[in-house]
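Order as written gives the chain letters A, B, C, D, E and F; numbering starts at 1 within each chain.
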Amino acid sequence: MKLITAIIRPDKLNDVLEGLFEIDVHGLTITRCLGHGGELESVETYRGMTVKMELTEKVKIEIGVSDPFVEKTVDAIVQSGRTGAVGDGKVFVTPVSDVVRIRTGERNQDAVTPTSYPVSAAF
Amino acid sequence: MEDATTALVATDTAWLMVACAMVLLMTPALAFFYGGLVRRKNALNTMMMSFASLGAVGVVWAVVGYSLAFAPGNNFIGGLDYAFLRGVGLEAEGTIPHLLFFAFQGTFAIITAALISGAIAERMRFEAYLAFITLWVVAVYAPVCHWVWGGGWLHQMGALDFAGGTVVHVNAGIAAVVAALVVGPRRDHGRQAMLPHHVPFVLLGTGLLWFGWFGFNAGSALAADATAALAFVNTLVAPAAALVAWMILDRVFTGRVTAVGAATGIVIGLVAVTPAAGFVSPMSAIVLGALATGPSYWAIMRRSRSRLDDSLEVAAAHGLGGLTGALLTGVFATAAWGGVDGAIAGDWRQLGVQTLAVIAALVYSGGATFVLLRAIGAVLPLRVEDGQERVGLDVPFHGEQAYVDGDGALLTIPRPIEGRRLELRGPQPVSTATVQVSDI
Amino acid sequence: MEDATTALVATDTAWLMVACAMVLLMTPALAFFYGGLVRRKNALNTMMMSFASLGAVGVVWAVVGYSLAFAPGNNFIGGLDYAFLRGVGLEAEGTIPHLLFFAFQGTFAIITAALISGAIAERMRFEAYLAFITLWVVAVYAPVCHWVWGGGWLHQMGALDFAGGTVVHVNAGIAAVVAALVVGPRRDHGRQAMLPHHVPFVLLGTGLLWFGWFGFNAGSALAADATAALAFVNTLVAPAAALVAWMILDRVFTGRVTAVGAATGIVIGLVAVTPAAGFVSPMSAIVLGALATGPSYWAIMRRSRSRLDDSLEVAAAHGLGGLTGALLTGVFATAAWGGVDGAIAGDWRQLGVQTLAVIAALVYSGGATFVLLRAIGAVLPLRVEDGQERVGLDVPFHGEQAYVDGDGALLTIPRPIEGRRLELRGPQPVSTATVQVSDI
Amino acid sequence: MEDATTALVATDTAWLMVACAMVLLMTPALAFFYGGLVRRKNALNTMMMSFASLGAVGVVWAVVGYSLAFAPGNNFIGGLDYAFLRGVGLEAEGTIPHLLFFAFQGTFAIITAALISGAIAERMRFEAYLAFITLWVVAVYAPVCHWVWGGGWLHQMGALDFAGGTVVHVNAGIAAVVAALVVGPRRDHGRQAMLPHHVPFVLLGTGLLWFGWFGFNAGSALAADATAALAFVNTLVAPAAALVAWMILDRVFTGRVTAVGAATGIVIGLVAVTPAAGFVSPMSAIVLGALATGPSYWAIMRRSRSRLDDSLEVAAAHGLGGLTGALLTGVFATAAWGGVDGAIAGDWRQLGVQTLAVIAALVYSGGATFVLLRAIGAVLPLRVEDGQERVGLDVPFHGEQAYVDGDGALLTIPRPIEGRRLELRGPQPVSTATVQVSDI
Amino acid sequence: MKLITAIIRPDKLNDVLEGLFEIDVHGLTITRCLGHGGELESVETYRGMTVKMELTEKVKIEIGVSDPFVEKTVDAIVQSGRTGAVGDGKVFVTPVSDVVRIRTGERNQDAVTPTSYPVSAAF
Amino acid sequence: MKLITAIIRPDKLNDVLEGLFEIDVHGLTITRCLGHGGELESVETYRGMTVKMELTEKVKIEIGVSDPFVEKTVDAIVQSGRTGAVGDGKVFVTPVSDVVRIRTGERNQDAVTPTSYPVSAAF
């Protein structure tokens, strides 16, 4: 069980979502955030004050996946989120020791493996 | 209303056009006042309740409302002579074109109906609301308006209501209470803190309301004369005094001068001076504005702890404010300033008449609103479903959100990539492997 | 324009000042209407397109635009007698000071130019846009205005355009289509959902537009007379009817009454009644307002699926709305209400004239706008770079964001801490260790 | 002020009512202009500083301010004849009801006081601010107003101030500088970038200010005559020119046309034309508007790097803009357009008088404001605590946030679940185990 | 030492907070986010454009707890955050190698165990 | 490879950023969030309703660093983010099993070690 955390460009979000849906990753959580990296920061001016904006808008995607699917998921993100310019972002994979579904209380792999994914409900 | 032999006066026409435009602006202003007070997920629904009144009430007023209020009729209701604006043309009605008088009165009907929406915000079905305000203007507003301004029985008894303390505010206030009771409280009422999502909008609404209210009160003189100027000045000083009084009350009782409170104070000052505007001296208006905050402040502090979910305080601000104003008109009015002598000038009779007018409005409007809502409720559900209330009314009823980022919004019109996705999404065998991934 | 021997009338002066201020307010209102409809990253750019028109068009109108439209000239264009406001003083033009007439017309030019910006929102370079509207007012607006209102050939043929259905709305609408085609669609058009980032701003803009439109239409009577009152009342009832019609269409076709739809409906009602305001009865205005929603509704539903990226529906709302209104003026006008007899009153000739006027505006404005944009495009790039479009136009073109938290914003003026940082930041040897950290 | 024998003129009454309503709207507009410029955490406090002026100054103006400014008195201050509006009724003052004149002047006092709040935004205690503006209107505004408009010494010397360049803008501007110095800079001044949290609000405020300013300037003619029309037109063209000039300056010096800059440019154009509005030709107004941007642009660029934390540039925009306008009035005024001949018309004397008036206002207002603030500071702390400044003034002083989600907001009135929680929260033995969890 | 990350419904946030306060969990951080899962997406319409909103509003709660309290905390979240309808959310438990309190610089278990929780200050 | 997650005060953000830039940490992601801890909650009033705001505004910083730099980074945050009053926040260090740079697809340490940091571009 792993948690994949990807930082991507906001304007690539819909592409990444489609990339993930295509490989049938449907459980995910996203958060708006700001990032600093190798990108050129933008300069803004307000009434004589010149300001360097060190942070650029980004989106964070968090996806919990079972181990065998980590590769596939990371690949999907990397492919659909790439523009080739500095600032495309990073993917971090971190270990997860436990997962619980709040609705049912199901835990861990148990909570995950046997249930059949409700295709119709998901769309 | 009878004397149509007078001639048009250009100055009065100009002033009434301006005043009417200002009153029209009050309904969008109300949309912001109310819209800022609700939670983000209901912002559009709340604003649309005001905006929709511009359409629904605007049209029904032309069709039949105006006629019932102002066409020759009996003591209780006007006739149908003016239905579909028959016979309402550019000839003088007083000193302004009859059509302009119709329009000016129409903007009053529009905002009165919209006022009620504050009581049932965040939970009433939009269709039921539309049906309600449309019928309410015909069945409740038009008669009460006829009583006081259309030559009806209260008019004949000499009730003073310069610009609508009784017709507009008491009327809407009691209807609000009834509507809140019939529709029932929000599911979170008394359990969760439901906070205003956008206080600057409340202030924006307040600023625009005050601006428009000059047209509302001073325009009600129906001429650009000294009475209009008096009403105008009172509409400046009374809310100023009410604002000061409210800031003091707030500071004393909660320790802090809230912005929502300041907005509320201004509105209450405006409401309270409405019936009195052309009848009292400016110093009386200052006192009246300050005094009127008392009952409303007390009511608002109590209401939030009660079971009555008059969500945006229509009853406390408009009902009670209008009532206080209407009664104080009977106290402060003097013949010297254009009214008749009231209690302070030594004549208590006027206070009696004012009280009667208020009671009549309370009883009739309360009762008729109840019957109307029950009748509509028999045909359409009045109330949204629980799930809709939970996610907010904007998406289920309007298919929109007030503030959108566009994250995760996918176009559904056919296009290359969409075609590919649609195909993926039909029912298909699902391997357990796939499931593992997506189903965590 | 010729008869300057009449005397000033104070009432008309007062009314026109108010009307002119109201029309001026429409441009900021448009900024909010448009600004709310775009994505957050382009909010300021979109608003600035309207605000900039207040400056650029305001000045060019005084310098030469007014003269070309209203100075004595030939059938197609005015002369240069009034350039730099020479000879435009406080003497009476009709019954109001000539300068006030100039100002009133100026506010029309300002908003007409600003209207076009909706078609090229989110992708046109700001400098190119400024050049475009400045020249457009001189080369397109002034002539068309001269034809219809300045004594030109359409005026002589008897085309009816009370307040600008053809001059303002058809004119801006076709220019919008051409501009959208020449500048090209946004890169995300048809691929991504581009949602309005702030629907309450759309409603705010709508409310203020409606308010201002009373000045626009009723002010176009150029006097505080019965005609003004008629135009005024029609400006109240037509949009009310259009709003109701739009809500019904929305409910029937999408199942939900959208707020953006309501705003659009109101604007279309206002647009459609503009050419007719002083010529038709209020009941006709109600019908006209309701009818006008049909074509525009249909066009908006189709447009979003087409390749034409008229981003904020200028063509459908203003172009088509103005066209429908202009033609329906030929249908509903009657001599009894101040116009000439139209189709319903039995005379089809006026409908022919109206059609001709619309076609003339479409052809000339479309063609001239095309030439103008191509010419500007030969000198300046019309379109932003791809990267700028992706991050939004606010930061690259205005150096600002609409809504800021200030997170990560560092002052660049010299100060102690900054001095330290600057020194850190010069080119310096980078150890691999450092690299390891920062380069993940 | 002396001649009260003239009769009421209905047209002037109508126009002044409208103008007064428009000026009133400027104070809420200012609330948005200023509110958008501060950081989110101080948005309500900043807005409330303007709104509170509507109450506090509105009332004190009726009680004593108006009398000190306009009642018969000596050359330096009016008497107390009109205190509590004694003797201020509906009789004609010029051609309008005396009360209406009082109200019109009241709206000027309200906004002048509110203007100062921009200089001490984000750090002054709300109570101290309320005390300050209330006393300032009595001790500073009323006398200066008396000098120029109430028949005082500057009036007698022939100083020209059509609508308040000196009385309103120079006066508020220098008071702002003094207030910023006495209260001291914000703790983050010069260390952190403090960015406008909501630029669209700045634009909204600007649009509404411009609208209201027509009432401010053209209303100051106190009649609907040709002078009013001239002032009106100048209020259209001068800010248009200033906007263009500012956009050019911005483009040249920072490379980008900022929206905050555009808003600032418009306001400076409006400020600068205020003293000149009824005295100069429109072409002069265009030049004046454009010229006035120079000093203010320069001052704003310098100020942000200085130690003077006039946070929202009141001095640069209003003080300097008003000063430039007042002096240029002495340059551009001509007898032909209703003023007296100024420098360009060959008479340099008026420029001397203008300079003297400005200096007098600077000296008196600066000095008296200093004394006043020190006096208040001796009784009440002027400045918020450091921690309050850090978290923002909205919660500590108003108990509210401008934009709320409601996350983590728990009702504290007694209710079932609350009862349970309260009991949990009394002092109780805390096991280390518990501590382990909660204390990470 | 574990980090518990829960994704819940925004309208259950106050309930969950109360649930956590009751078991004396007082240190936590929440973030507004958007989630995609088995829920039916909503359809919105803007001027002829029909749009599927694939993301629903959610709230993320992050809580650092010492190992023995993981169970209790997860249970509290599951119980107070449940509605039973699809979309209730997930709880992820991830390992933490180190914790520091910025105010004092205290680290790790050390930083955690001995300090007594200032009850009065916390409320 | 570790992921450092720090919760800090919003008004210390710029100080912390400068602190990090000084030790040449340039890759990071921040998110606005709300925290509950030992701080006194604020009380707000809306029309007769008294409300305790249990959450205070905070900012979360996430930084992926290679193991040898964890200490240095944490120290920088602790030093630049401290005010000494309750509410300064926490730093959590969690293990990362994999990192990918989306722009290039580079993975892990490989993706990290050899590339030279483009100093000029970054500023």
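Of note:
Criterion: a residue touches a chain if its C-beta (ideal position, glycine included) is under 8 Å from a C-beta of that chain, and two chains touch if they have at least 3 such contacts.
In this text, all values refer to a predicted model and were calculated from it rather than measured experimentally.
Think of each touching pair as a link: the shortest run of links from subunit D to subunit E has 1 of them.
Within the contact network of the assembly, the step distance from subunit A to subunit C comes to 1. Set side by side, the interfaces A-D and A-B show unequal numbers of C-beta pairs in contact, with more at A-B.
The interface formed by D-E recurs in C-F: of the pairs listed in A-D, C-F or A-C, only this one shares over half of its residue-numbered contact pairs with it.
Look at the contact of subunit E with subunit F and you find different residues on each copy: under half of the numbers used there are shared.
Here the CA centre of subunit B is 42 Å from the CA centre of subunit E. Centroid to centroid, with C-alpha atoms defining each point, subunit A and subunit F lie 18 Å apart.
If you average the CA atoms of subunit B and of subunit C, the two centres end up 31 Å from each other. The residues of subunit B that reach two or more other chains are 11, 14, 18, 22, 192-193, 195-196, 198, 204, 254, 256, 258, 260, 304-305, 399-401, 405, 407-411, 413, 417, 440, listed in rising order.
Within subunit F, the positions touching two or more other chains are listed as 14, 17, 26-27, 30-32, 34, 36, 44-46, 49-51, 54-55, 64, 90, 94-95, 99, 117, 122-123.
Viewed as a contact network, the protein chains are fully connected, with every chain touching every other.
The touching residues of subunit F, when paired with subunit E in their complex, are 2, 5-8, 31-38, 40-41, 54-55, 58, 60, 70, 74, 77-78, 81-95. On the subunit C side of its complex with subunit E, the touching residues are 193, 195-196, 254, 256, 258, 260-261, 264, 300-305, 313. Of all the residues in subunit E, the ones that touch subunit B in their complex are 11, 14, 34, 36, 42-46, 49-55, 90.
By the touch rule above, subunit B contacts subunit E in their complex via residues 192, 390-391, 395, 399-401, 407-413, 440.
Note for the complex: subunit B touches subunit C at residues 8, 10-11, 13-14, 17-18, 20-22, 24-25, 27-29, 31-32, 35, 43-44, 47-48, 51-52, 54-56, 58-59, 62, 84-85, 88, 90, 96-97, 99-100, 102-103, 106-107, 126, 130, 198, 201, 204, 396-406, 409-411, 413, 415, 417.
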